[in-house]
Structures are given as structure tokens and as C-alpha cells.
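Below you'll find the structure I mean.
Think of it as A, B, C, D and E in the order they're written, each chain with its own count starting at 1.
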Amino acid sequence: GGGTETAGVEVSDLIVASTTSTQDSGLFDELLPAFEAANPGYRVKVNAVGTGEALKLGEKCDVDVVLVHAPDSEKKFVADGFGSERREVMYNDFVLVGPVEDPAGVAGGADAVAAFTRIAADQAPFVTRGDDSGTHKAELKLWKKAGLESPAGDWYRNVGQGMGATLTIANETGGYVLADRGTWLSMKENLPGLMIMVEGDAALFNQYGVIPVSPAKCPEANSEGAVAFMEWLVSDEGQELIAGYGVDRYGQALFVPNAAG
Amino acid sequence: MNAILEVQRVKRRYNGGMALAVEHLAVRRGETLCLMGPNGAGKSTLVRVLNLVEEPDEGRISFKGSAVGARAGNVRRSMAGVFQRPYLFRGSVADNVAYGLRLRRLDRREVERRAAGTMELLGLTALADHDARRLSGGEAQRVALARAIAVRPEVLFLDEPAANLDPHARVSFHADLRRVASRDDTTVIYVTHSIEEALATGDRIAIMRGGAIRQLGDAADVFHHPADRFCARFLGCENLLPGRVRESAAGAAMVELDRGGRLYTTAGRQGRVLACIRSEEVTLHHPSLPGELSRTANRLAAVVRQVVATGPLHEVLLDCAGFELKARVARPVILDLGLEPGQALEARFDESAVHLVADDEWQEPEAPGRCSRGVLLGEAFAGGEVRSRD
Amino acid sequence: MNAILEVQRVKRRYNGGMALAVEHLAVRRGETLCLMGPNGAGKSTLVRVLNLVEEPDEGRISFKGSAVGARAGNVRRSMAGVFQRPYLFRGSVADNVAYGLRLRRLDRREVERRAAGTMELLGLTALADHDARRLSGGEAQRVALARAIAVRPEVLFLDEPAANLDPHARVSFHADLRRVASRDDTTVIYVTHSIEEALATGDRIAIMRGGAIRQLGDAADVFHHPADRFCARFLGCENLLPGRVRESAAGAAMVELDRGGRLYTTAGRQGRVLACIRSEEVTLHHPSLPGELSRTANRLAAVVRQVVATGPLHEVLLDCAGFELKARVARPVILDLGLEPGQALEARFDESAVHLVADDEWQEPEAPGRCSRGVLLGEAFAGGEVRSRD
Amino acid sequence: MIGESIRQAVELLLTDGEVWSIILRSLQVSGLAVLFGCLLGIPLGVLVGIHRFRARGAVVAVINTGMALPPVVVGLFIFMLLSRSGPFGSLHLLYTKQAMVAAQLVLALPLILGITVSGIGAIPREVLDQARSLGASRWQTAMAALGEARPMLIVAVIAGFGRIIAEVGAVMIVGGNFHGDTQVMTTAIMEEVRKGNFSLALALGVILLTIAFSANGVMARLEQRAMAS
Amino acid sequence: MIGESIRQAVELLLTDGEVWSIILRSLQVSGLAVLFGCLLGIPLGVLVGIHRFRARGAVVAVINTGMALPPVVVGLFIFMLLSRSGPFGSLHLLYTKQAMVAAQLVLALPLILGITVSGIGAIPREVLDQARSLGASRWQTAMAALGEARPMLIVAVIAGFGRIIAEVGAVMIVGGNFHGDTQVMTTAIMEEVRKGNFSLALALGVILLTIAFSANGVMARLEQRAMAS
């Protein structure tokens, strides 16, 4: 990106493509000022888009670094040469949310696959994001484990939208939905018809990764900044900030840093 | 009372100017009433008010004896108007002519029959399929006329309907109008600037000025007996001679002109007057032999000052020792007398040709507001008259 | 050649109809050329073509000797036009009058000065600030005139400019036009339906029909010597008597009328003719005593059939044993003769009052295409003439 | 890029039946919305255009402001009305085509109204007087005005239609983009963009424009026929 | 619901400085776009409106179709042009206000053009002839037409402005909604909707409409002054 001179320091823009869930959870509002304070040479701009779109923007060299949660796609992104390297940053978990009436009777369980099986068997309404996002991909994996290659039918509603919109639709239509905990927590207030059905299953693990775009593919990209951003995220400072985020607002951390692991 | 339309104390102001201020006007059923007057006199405004297209600021309008209020919509069905600048709707000539009929929800056949008949009448048949917006001026005017006439209204408003018609079309339109109007007993309000047209079509003539009606009466009467200086001048009376009535008997009087000379007239009036003599009433003769017999009381010795050919008639300017007199004579007279400037001759006119109006020269009431423009305009043309007095 | 504007073989078709087909027309520098003709004759179309507002389909237009092509834009600067239905732009009267001046990028002061002067001339000063879209018909027409005159064009186009003016405004406009045109040596193309107007303003008159120019000549000459039956009828010649020239000497001839009777004329022509006598050329007299002296060669014994008052003049229909004759006489004549239907008298007219045109009655060429309407219309009015022949 | 999109668009149309049903749904929803928009907007617009009443300036200002209604806000507003917890929740209209039509109607209306109002305002006042003078009732006078302002009305309808056939914010929120049920062209495009399938999104855009082009063509044809008759 | 939003809107305006800078940015971007839209669209519209050329029908059809351009597609298209890997990538215009202006220009243009064309088409042909007959050059004739079609031009501008001040699809893609940099009212609303802060989103919507209302008011005032002079 272009640079500007401020107080003697060359400041350059660093564009991050992230998923809407990361941005909308408010995490960046906490992280970015700290990063910019530590690295006065960069000014970070966040483009919050769909996961697929974020990776596409990376492919086209229109962003410098991507922060998404779709490990398989991320690995392919690096393998195809679009990203220089992938570092794991943090995870949170998915929760299976459903209508308080719980028509499929899956509330309180700890086995996500079992719950999915029940829902499919009962043909209880299920709302899927269907947008190739990390959440969508995780959901598809769960269906696969539950024995459905590609779920279909009236009960399985593909809405092709973001997490927030999908949760809203589930709330309105009384459907089950797989959501990331961050979005769920931030929107819970507005979703009186929904409650958590299943949580804590290892299968609901949601890993976030950071990938600077490949300087070879994208010579114009702010690779230095991208690497600095990645390094800072996995640094102790970054990891600590992530660990603390959301405690004061939701009573629990939204993300668990796991760069070391 | 036989009035089909009546207005009382009707006023219409525009931006403070008074465009219309008619104390009272009763339009008689079946008559043709011609409105005349200078530009801006309020003729079109009066027509629009009568046509219920424009609401007056004040005053009362009644149709067949009952006030037109909320019923305006119904009453309007009995009317049709041709505006001064008619607006033809998008579509063909036939569409336009049929418009009013369609409004009245006549059945399709009847609409077609009547539209075709009216187009025939006005020589529009060949133009039926033409785009109404792409006609010549006269053609457009005829379409507007046909559109209004087609509905056979009880009251027909025509605002300078013949202004763009060629002379033949105009004559034939007048004939058609008379025929149609008498057939359907149509009341017609006809605005025109042409006294010939007014006399050819009108039963009565109203002369307007500054929004008010200055004179109203039977057509011929208004023409021959204008009510005042303004009407006389407006109706094309070119000789206006100020004087004072000296002797006056029943139906006869002698006027002593301010500039010398005396006139005899059958008109009865007292005091200061303006003697009005239409220029075509003046005949020219070789100076009469003393004692020669003639029924004509008024004989003035005159010298020809100027002869101007103005088409069918020639305008002869005469010097009558003290004042100027204008005569309009046909070419044969010119030929016969061998008329040329400087020639001495005798100008004669009948006693009945001298009409007297009060000489309002010095107390002419200033018309209020906008009307002053009417005055201004009138004055602008006074040039001709001033000439005739110096 | 002194032509400022010249058209050659100009044609304009609309939807297949021929609106204009002028073989040749040269407008002389400084002249006032009046265009006359029935509705739809192509007058406005010719004006628009000359004004470079409308492209002809064919033909050549030259301005001051050189063809107008891509230069139309420049040439247009030398022109200004008042359309038959003038369009006033949004804004005040003053804005409109100043429009053409602003186009020419005159400086602000000059624009104001000239606009004010022109408004003064046309009696518009009091209206200067009025909304141009809310004027009376005559006021609007005056604004359009002022707008065109203000630019002092070399060529001024006026398409029925006085149609909505009151009689006084019209007379004063004619005077102003003559003054302005001679001051600036302006060439004026003036369309009108009124022969009086044409004679009052025009140096030459062109009579159009079916898109073509039927007659072109000096104003008085066209008036007195129409080229053919159509022009004669169009110019208001009411007595058209078919006959055959019997004796013919230099500048004099005797015509034997088909319906009986003979006429003497100073016009020279052979064979079948139509004798044209304007109704105002006919004078009425008591039957002449045998042997009475008179310079008049044509004296016809006649019986009054009808007398109609048509304003200044009265129309007298006469029965001349075989044919009808119409005379227009002033009221004094009526009074003098005590005219009434059935009365026998003598109708006289001078030899010079009889104009002869070829009798094209039976070989009248059918005008092509759209022009047929002109014929239709003409025929529609022939009623009056037919009457005079039965 | 465009060429590729066109190729892909043709391919989609030839091979993907789902695309056709999405197209039909788009036309159905936006067509209905614009139809209602005309039924409401044109008479109202003629009324406001013809009459000179006191609050006219304010009404016109409100209409004009309506042209700036963000689709998302309209969607949200309708959503809140139709939501289970909203005042009309019991009607179960959320995520139905009816709701989408309603939202698009709100978006199309100001445009149709606004253009109609000034179209009517632009015709000469003589039209009204001339119609009245020939005996036209109020309604017939309005019809005369309408007839004269026809070309402007066509643009009003086309602009209204254009706005809603192209909008995504409102239908996404109130329709939910349910595949096979409430998904329309624009929500499908949006979805593909989110997925990063840019060229597919462009291909769908090309198809949408083709629809709009044809719809406008049909409208122009109808108008011409109406003019001719 | 509306009352609450208005209350919240007022509160935002009073307490949140960021809202003001977002408002300014919206006005700046959409104002510039509509300005360029007018500079381009009005002369072009007058040209197409005045002249009767062979391809006119096709041109008008294309313009009308342009009214149905989905903002997302326009955004995507501009994105692909300005993308680092696109033809104009070297200009580094992606995610700048310039790019947003460009995208909105594309969206506003057909509306401004289309309404201008039919506005000009609706004035009587006599206007042109009358101007020419008085000696107007081509340019002056066009200006005369423009003057007579003024009320329609105002609607053209208002409709164009309304469309883009309210649109989110294009600016979201080409601007990126960078906080403090390319975020405008509509992208801010979108973000709040995504977060489920519906009432905050509505409050921002109320503010947006208030801006539009004021902007239209200013335009109407300017127009009146122009008319009076």
C-alpha cells in the first residue's frame, strides 16, 4: 500500500481481510490500537467479508494478510502459492443453537454429531449459512460424520448469508443453527427464541489462522507489514490481548489463543 | 329571466392586478355574445370564468338560475370551449375531435359518427389520421373548433377562434357556426378583435376594458352608437370631433365644433360632446353649386390632403378649415372625382351618421391597477386622432 | 442580383404529403414580402425553411449569394423569427425580450437598453416583470414580436404576427414595423391572412397554394391583377363571371358573358376568360336616363335582391338578368338610394375595374398529394360563388 | 472479464435450471412491486402533480427524500414489523415473497411518485384547463394529464423497476435468500460475492441486466402500442 | 420503534463524533458522484433528448437498462478493474474514496441520463426551433432546452443522489468499509445490521434520511433561486 509520512515515521497501510465474525465481535477494536502502538509504521484497515471472499481478495493481491477460520481452505490457499505461510492464532468454538421449544430434543447434549443425527432424523428445521464460510465448512463436516453427505430437504434451509443474518433467520423461523460462539454471544440478546443446545464437544473446535499473501505472487503487497501483523498476533502481547477480550463484556473470553500450540 | 349564464360582481386578480371586474352580465339562452376589447382587457379571463375553468376570487356565477358551486363538474358537461391558444392532445386529429364525446361516455358508434360529421363540416376529413401536434396553425384551430362543436354543448366558448383561419375558412366557419348554433339553440360566447366578425356572428356585443364591461348591447347598435370615446375609438370610428350642442330638439341637434364649423345630427344630447363620424359615412362630391338640392344636412367644404390605398377602400384625409376629416371611399369615387391632394371638394354625411357621446376627454376615469395598461395602449394609438385635431 | 435570400427547387414532404414545393423564390434585400394562402398552403413551412429552422428534403437555399450549408449557424445570427404560435421561454417578459440579445453576447448594458427600448415600442414596459407564461394572447404575441425585433435582424420572419392583436395594436404595429424596417433596412417575410395587412405592410405579395407559389408580384398589382381564378377568389374578388373575349384592341376588350350581357375592359386577353370585378368597384345608381352622360362604360340594369350590413360596408346582391353581381357600398349610398330588395337600379363599374384571367375552370390542374386539401377547402367556400351563378 | 462473464452467463442459462427459477422469482417479486407501485404511485403522483395545495412543497420534499431510503433500512423496518416479536408477527409473512414485494414497493414508490409528480408538473397547465373546458370530470382531467405526461410516466416506471430489480439489501433481510424459495437474482449475486465466486457473480449480473433490458423493451413496446392506438 | 430510533439518532449526533465524520464522508462521496453524474449526464442527456438519430432507441434502451444495474455488480466490476491484479491496479485506487465515487457515478449516471433524456423529450419541440430561429447556436439551443426542462432535471439529480446516498453494495466492495477511512453511512448501517444492532442501524437510517431531506431542501432552494433570477 501507499505510504504517508507522519511524525518522521513512514506509515504504510496494511489491509487485513477478515471474516465478519471476527470484526463484528469487536476483537479488532481491541487488537488494532495495540498493534499500531507497537508498530507505528503501519496503519491497519480491516475489510470484513465472507471467508471465501477474503481468500479471493488474497488471491487477487488486494489485501496484505487474511485472518479466517477455514483450515482446509487456508492450507489449500498456502499450497496454491497465494499465501506465504499459515500460522494458527486462536480458536473459539462452535455452538449448536436451537429454538427454545427444541423440537428435536437435542438440548443439553454434549455430542454434536448425535444432535445432528437427531435433527436430520426428525427433519427438524435447520438453517445453514451455505456460504462456504469456516462455519459452513465445519457444519458440513459434522453432517458428514452424522452420515449425511449433503443434507437436503425442506427442513434444511440454505440462506447463503453471514452468521448474524443466519442466526436472525433461525430465531424467526425456529430453526437449529451452528454458530460461532463469538457471534452468538454478541447477538444473544436479540435472539430470545434461541438457546444453546450443544457446546463443548471437541468436534466444535474453530481454529483461526493468519496468512500473509505471498510476496512472490503479490510483489506490491505490504508483505513486511503482513508478516509483522502475523508475528504480533502470535506474540505474547497479541496472545494475551486475545485471551482477555470479552471477559468484561460477556463474562467469558470469546477466543482462546493457541499460537504456541 | 332567460339568462343561461349570469355573473354578478365577479372579480379576478392576478399578482395584485385586476384582470376581471364585471359587475353584472347575463348571457341569454341561444344568443351569440361577442366580447371585444383591447389586448389584456380580460376577455379570455371572463371566458375562462364563465367556462368554469377558472375560479373567480369573488362573485357569483349562476347557470340556468342556480348558483354554480360544487355542481361545477356537472354544469361543465353542458359547455365546451376553444381557447385562444388551443391545446391539442397527443394523438390524431380524429382522437382530438372525439375527445369531448368520449368524456361524455357516448357509445363508440355515436362518437365516431359525430366526430366524422364534425370533421366533415370543418374540412378536416382528409386530416383525420394526422398527428394533431403537427398541423398548420389554421388546421389546428379547426381541430379545436371541431372538438368543441362535436359535443353540441349548450354553451360554446370561442376565444378568437378564427384568428388563424384563412379568409374563406373564416367566412365558411361563420356560416357553419350560425347554422349549428341555431339548429341546437347553442349559446355562444365569441371573443374577437374584428368588428366584421362580431357583426357577422354576434347578436350582442360587449366591449371590455380593464377587466370591466364598458358597453353591452345589440350588435348593430353598439357598432353605430358607441357609448363613449373609448368604445367609439375602439370600434374604428376615426372622426371624433369635440364640440358643444347648441340647439337641440327632439331627435335632432346642432353641434358647434370647438375648431369651427357646425354639424347637424339626429342624435339627442346636451352640453359638451364628441361627435363621432365613421369614415365610410363620409361621401365626397364636387363642390356643390349654390342652391343645389341635397337631402344631406352636413356639407363641408374640404381640401384633399392625402389619399392612401388600403386595399378595397381608399383612405382620404381632408382638411375642413379647422379640423381634419377622414373618409374611406371605394376606388370608383377616386376615379370619378379624379381625386388628388390639394383638390377642393365637398364632404357630406347624413345627420344620422353623426353620433354623439359625452366628451369624457378631461374627466376620463383612470382605470385601476392593471387596467392602466389598457389605457396606455389606447393612448399609444391616439396618435392618429391627435393628428386629426391639429 | 440583389436577393438576400434565395431558394431553388425546395421541397419538404411530411409523411408522404408535399407541404412545400417552391421552384424559385428570391427575397430582395430590404423588401417586405407578404406570404398569403389558404390554411395548409405551406406558408409556415416556407418561413421555417427560410429561417433555417427546418431542413428541406431537397433544394438549395442561399443567403447573400452563397449557399447555406454548414454555415447555417452563422447565418441564423442574421435572422430572427416570430412563429405562428410563439413559444415564450420560462422567465419574465424582459428576459424573453432580451433572449436574442443575450444569444448574441452583447454586453449587459446594451442588452438592457435595447430590450427596454423594444418593450417601450410595443407597449410592454408595464409588463416587463410579468411571468411571460401568464400573459393574455395579444400580450404574448407582442412579447414574441419584441423578442425578434430587439435583435435588429437583417431578415425578420413574422408568421401571422398580428393575429391576436387588437385593431389599434395592429395598426400601430404596422407603423412601427415600417419604421423599424426602413431604419435598419430589414428584410421582412410576413405571413398574413389579411389582404389589408398585406397591402399595408408588403412591398410584394406571394400567394401560395399546395406548397407552391401561385403568384408573386408587387402588392398592389397582385391585389388588382390576380393571376388566376384561385388567386382572384382568394384575394376576395367576389364577382367572377365566365365569358369569351369578342373584340380586342390594344389595352381594351369586350367580353361576352356566358350568361348574357357584355363587359368592356382595359385588360387585354383572348379566348375564354373569367372577368373579375371586386365588389367595392361596383357603384349603384338610379336607372340612368336615356342619353345620360357618363364616363363609365359598364352599366348594367340590375334588381336588388338582398342587402346585408356587414360592418362598415353593406353587401348588396344584385340580379343582372342572367347573372348575379355583388356590390359593397357604404351606408350613405344605401340611404341615398333608399335601397331595398326588388328595387331596380343601375350597377356601374369602370373599364379598369374588370380584370381578366384565363378561365381555368375546366382544366384546373389537380394539385398533387396533400395539396388536394387546399382545393377541397377552396371548394368548400365556393358556396358563395355558386349561389351567385344560379 | 466481461467476455468471460457473458460466456458463463450463457452457460448458466443453458445448463442450470435453478437459474431460471431464480430469474422468474425476481421478475415476479419486482414485477408485482412495481405494479403495485404504479397503481398507488401514478394516481397519487397525478394528484400531487395537478393540485396546488398548501403542503405541496412538504409532500414533494418527503417524496424526494423517499428516493434516498436505504434498502437495508427499509428491509430492517419491514423485518421489525413482520418479525415474530413485531406487531404483525402473527401473520407469518417474514421470509415470504409477499414481504419482499412489500419492501420493494416501499423502495419503488418514491421514485415512481417523484418522477410522476414532476412529469405531470411539467406538462402545460393548459392541458388541465382544456380538458375541463370540454367537460372533463376531475378524474377525466387527471387522465388527460396522465395521457400528456406519458413519456415521463414510462421513465417513472422504468426507474422504479430498475431500482428494485437491482436492490439486494431489503429482499435479503425480509426474504432471507432461502434457496429455492425466496432467493432472487440479487441475493444470489450477493451470495456468490461472499463466497468469492466473483466471475459467477458477474455472470449473474449479466443475466440480470439482460432481464432488465428485455423488460424495458417490452414496456417500451407496450407504450408504443398504447401511443399508436 | 421509530420513536426509539429517532431518540437514539439524536443521541448519536450529540455524543458520537465519529457519526459526524461518517456523515461528512457520505455527503462527500455521493455529492461528488452526483456532481460528476450531472456534469456528464445532463449534457449527454440533453444531446440524446434533442436529437433524433438512428440509434436513439437503442441508446435510450441501454440507459434505461442502466437504471437496473445492481450496485453489487457495479462494485464488483469496478473492483475487478481496480484490483491489484486488474488492468488499473497500478493506480492503487481500490479501497479509496475515489473508487467509491467512481462506483456511485456509474450507478447515478443512468438515472440522471434517463430522466434528463425524457425530460428534454417532453418539452415542446417548438422550444428548440424558437431558440434557433432567434439565432441560437447548437450549444445555446441545448441550453434553452435545458432551461425549459428544469423541473425534470431537478428530479433527475435528486433521484440520482437518492440512489447512491442509499446504496451499500458498491461502496462496500470498492471502499471496504474501512473504519475512519472509507466507512460511509450505508456501510455503517450494514455493519450494525450484521451485528444485530437493529435499533442502532435504524437510528443511522434516520440520520441518513435527515441528510437526504436537507440535501434535497438545499437543492430545491438553489433551484428556486435560479428560477427567480
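Assume contacts are C-beta pairs under 8 Å (C-beta built on N, C-alpha and C of every residue); 3 or more make two chains touch, one makes a residue touch a chain.
All of these numbers come straight from a predicted model, not from anything done at the bench.
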item: Graph distance between chain A and chain B, where chains that touch are linked; value: 2
item: Third chains touching both chain E and chain A; value: D
item: Equivalent interface positions on chain B and chain C, same or different at half; value: same
item: Whole-Å separation of chain centres (CA-atom averages), chain C against chain D; value: 57
item: Chain A and chain C, separation of their C-alpha mean positions in angstrom; value: 90
item: Per-residue multi-chain contacts in chain E, two or more chains; value: 79, 193, 198
item: Chain B residues counted as touching two or more neighbouring chains; value: 85
item: Multi-partner residues of chain A (at least 2 other chains); value: 162, 165
item: All pairs of touching chains, each written as two labels joined by a dash; value: A-D, A-E, B-C, B-D, C-E, D-E
item: Complex contacts: residues of chain B adjacent to chain C; value: 14-15, 37-41, 43-45, 84-85, 123, 126-127, 130, 134-140, 142, 159-160, 163-172, 175, 193-196, 199-200, 220, 223, 233-234, 236, 278, 280-283, 295, 309-313, 328-333, 335-336, 348-350, 352-353, 372-373, 376-378, 380-381, 383-384
item: Parts of chain D lying in touch with chain B, wherever the complex brings them together; value: 124, 126-127, 129-138, 140, 144, 147-148, 150, 227
item: Interface residues, chain C side, partner chain E - complex; value: 48, 51-54, 73, 76-81, 83, 85-87, 89-90, 99-100, 103-104, 147-148, 151, 153, 157
item: Chain E contact footprint on chain A (complex, rising order); value: 1-2, 15, 20, 23-24, 45-48, 60-62, 162, 164-165, 167-168, 186-187, 189-191, 218, 220-221
item: Contacting residues of chain D [partner chain E, same complex]; value: 1, 57, 60-62, 64-73, 76-77, 79-80, 110-111, 114-115, 118-119, 121-123, 149, 151-152, 154-155, 158-159, 161-163, 165-169, 173, 185-186, 189-190, 193, 198, 201-202, 204-205, 208-209, 212-213, 216-217, 220
